[in-house]
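Both complexes shown next keep subunit A, but they swap its partner, so subunit B is in the first and subunit C is in the second.
Here is the complex of A and B:
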């Protein structure tokens, strides 16, 4: 692991300078929160406004959308035409994957946290002293998003086609999880599907932590995310072959 | 007819990797079907959660009265998750009964909240069912929601299909094509028609399967197929435009998702156009969703697709505009 530090620094520099990542994870959620909040402002009370609702649900949704970004970023050596240098360099695939994993988790989590902070200031959102709990959840979600993204980008060459379509199920998860409007849990057709959406549980975790003083769901969701991220990263190290980057 | 060579070759190239081609072809079909099925569910009734401990006669009578009220369903709520359930929409409101008083929890606007309080007070005294129209959500109809969602999904998938153009530019195929000698317009036209054929097939299979399954979205099948031509043409032109603007597949896919979500928001996919704030009603003219939803509203009242010619013309202008951007952008590629 002697080259991990260098690889990590390089990956971190690339990620943090990527305007697109910053736009997609910070500017886009704020635009949508403002837009949806404004659209539905008349339907909400003064204490809990539509802006508060969309802050809670939109940031985890945009973080989840990061799966696609990571799956493409995983193969950025192709774009930068540096694949053969990576092939020839005496670096292990473990170092390569871990460097990508850590850099993406840090940058994605930071983007979500900054967006949360901006929303808190913009919309006077009260976190009841539990801001750090939400930060913890967002970090764990970033880990899961990065792990899955890297797995799809590096370990599943046969699923290359699939990663183009990742946004579609994520948008459907968003609808079912109440990202665009609150959903009725008792609809017979949808109730089962709603429970399958990870965003349903993320949103329940955040809201119950902030407004019901109940951190139980948030803990479980965070633990599941962290575990998923670690398992996916482990599987990526196991199944990734550097030659994949050439084709 | 040179565009036909591009059209034909794109199919040949696609079929070279059969599994990938059929996944690309059928996956969006399944997603569109799921989207339609999800929107098929009727508008939700208002759900009121009730919390009380032990035996509480007035709470039980109140719950019964709510269940007898058209458009309202009452259920026992979890006392530890009241705020969560109210905020996330599981319940429109929760009424928590103490021995001789009650507390109403909701995040609704002041008017609805005070109406709910009045309803609770009146039902505690007298359980004769009354009308509670203020709780009925005036949302989009099934046909409007379905159309909006089909357009949203197909615009994303058409961009993915159009990504073939980005690959062509990156691996030099496009430059070779221009030297063959052909022009950029032929190339774009061939790609648009290929994308149109693929996307219309996905649309056709999705709506036909749902028609066969007896799911009626509220629009006559033939009208739906005609409307599909404009939906798919718009999705295709948009996808081609996105693929022409970006030289990177990821940027094209993700930016298109952002743009599609924002346009659908301001076009009235989630909040009906008449309920939007005045400022956004003006801005919504730039969203094709607004015009599709207007036509569907008219079709629900019995007219057919071509009865709304001015609106159809506006949508055609969107298609032409997106296509023109694609043509110009690709034409300028030669000078790079």
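Here is the complex of A and C:
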């Protein structure tokens, strides 16, 4: 891991200037929170406003959408044609993947935290002293998003086709998780489908943490995200395909 | 006679049913400038990729300084510099940072690193423009920066894949002079190009590949004796004689 520092520094520098990351994880969620919050403002109470609801659901959703961005970031050496230098240099696949993983997690998590902070200021959102728990969840979600994005970008050869359909399941997860409006089905099958969405558990975790003073769900969801991210990163190292970058 | 620095033995590579490289064998001696030539689709790029360890052969092996590359991959990679045909530069890093980053991938640190970066940029005549971004550079300057990124870590062997494509004669001349100086300093060069006059002027040995097979491998003097006696005065004449005049409109 002697080149990890060098690779990490460049990756962090590039990610922190990445327009798509900054726009879709900071500006876009704020715009959507303001728009949807305004449109549904009469449906919520004064203590828990529509802006608060969309802050809780929209930031994790936009973070999850980052899977596509990370999959592109994974292949940026292909875009810049620098991949030949990387492949010929005495660096390992592990160093390359870990550098990308850490840089993406840091920048994605920071974007989500800044957005959360902006929402707190703009909409007077109260976290009841549990802000850091939400931050922990968002960091762990960033790890999962990055791990999956890197796996798709570096280990799947037919990514170009896959990428076109990638947003579809995320949007469905978003719908089932109540990102666009609160959903609740009494029919068992539909009710079961809601439970399949990771965003359902993220949102339940945040709500329980903030309003029921219960961090149990949030803790489990964070652990699952972190584990998913680490496993996906490990699988990326194992199944890394050079031809994905040089073809 | 100098020893073989690199020995290529019976390389084979297939993509599905298609054989791209078939039993390719040749060697590169210490101090050579080897012209590795062939028409489009001959298998040059695949062979170069295999030598650079970017691709794995289906069969065959590569020896560097007498030892199998697989047994000493890290040492081999440290001894190798690559000048890809495409400009392999980060547009959002200035010239200095580009060379600095790629050089740092070869375990150079501190003053040794900054000294090597300065030396490489001075060598290609870009030290005064080190703070400029590649987007401000002409085609020739970008090509020279591409070379600086490959030589800053002082590789023992340099692989140059068409380094003079699309540039003016002045820049081309400068790059060819640079290669000669590097070679005099002890760098062995594998040089691919479609400009036969360049190869003729620069290289002391020529390996001609066609349809994945080495069809000629000889010293410059040998080629002159062998082919000029047959009436093929230039390297291009020999190239066309051996590979034919049919168009090669195939994908690389």
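Following the convention adopted for this analysis, the second predicted complex is superposed on the first by the 239 of 247 C-alpha atoms of A that agree within 3 Å, B and C clash if a C-alpha of one lies under 4 Å from a C-alpha of the other, contacts with A are read in each partner's own complex, and residues count from 1 in each chain.
Here is the rule we go by: a residue touches a chain if its C-beta (ideal position, glycine included) is under 8 Å from a C-beta of that chain, and two chains touch if they have at least 3 such contacts.
Nothing here was measured: the structure is a model prediction, and the numbers come from that model.
Asker: If subunit A is used to align the two complexes, do subunit B and subunit C fit next to each other or clash?
Answerer: fit
Asker: Which angle, in steps of 10°, is spanned at subunit A by subunit B and subunit C when each chain is reduced to its C-alpha centre?
Answerer: Value: 110 degrees, nearest 10.
Asker: So, A:181: does it touch subunit B (first), subunit C (second), both, or neither?
Answerer: After superposing on A, A:181 lies in contact with subunit B but is clear of subunit C.
Asker: Classify the contacts of A:203 with the two partner chains as first (subunit B alone), second (subunit C alone), both, or neither.
Answerer: First partner only, subunit B.
Asker: Between subunit B (first) and subunit C (second), which, if any, makes contact with A:24: first, second, both or neither?
Answerer: A:24 contacts subunit B only, not subunit C.
Asker: Report for A:90: first if it touches subunit B alone, second if subunit C alone, otherwise both or neither.
Answerer: The answer is second: A:90 touches subunit C but not subunit B.
Asker: Between subunit B and subunit C, whom does A:68 touch in the aligned arrangement: first, second, both, or neither?
Answerer: In the superposition, A:68 touches subunit B alone.
Asker: After superposition on the shared chain, which partner residues are touched by A:16: those of subunit B (first), subunit C (second), both, or neither?
Answerer: In the superposition, A:16 touches no partner, neither subunit B nor subunit C.
Asker: After the superposition on A, what does A:36 contact: first (subunit B), second (subunit C), both or neither?
Answerer: It touches subunit B, and subunit C stays clear.
Asker: After overlaying the two complexes, what is the shortest C-alpha distance between subunit B and subunit C, in Å?
Answerer: Between subunit B and subunit C, the shortest C-alpha distance works out to 13 Å.
Asker: Would you mind listing the overlap between the subunit B footprint and the subunit C footprint on subunit A?
Answerer: In subunit A, nothing is touched by subunit B and also by subunit C.
Asker: Can you list the subunit B residues touching subunit A in their complex?
Answerer: On the subunit B side, the touching residues are 20, 23-24, 27-28, 31, 34-35, 37-38, 40-41, 44-45, 47, 73, 75, 80-84, 87-90, 106-110, 112-113, 152-153, 156-157, 160, 163, 248-251, 253-254, 257-258, 261-262, 265-266, 270-271, 275-277, 280.
Asker: Report the residues of subunit A in contact with subunit C in the complex, numbered from low to high.
Answerer: Touching subunit C from subunit A are residues 2-3, 6-7, 10, 14, 17, 80-91, 242-243, 246.
Asker: Touching residues of subunit A toward subunit B in the complex: what are they?
Answerer: 20, 24, 28, 31-32, 35-36, 38-48, 53, 56, 65, 68-69, 72-73, 79, 160-162, 164-165, 167-169, 171-172, 175-176, 178, 180-190, 193, 203-204, 207-208, 211-212, 214
Asker: Would you mind writing out the residues of subunit C in touch with subunit A in their complex?
Answerer: 49, 52-55, 73-74, 77-78, 80, 82, 84, 86-92, 101-102, 104-107, 149-150
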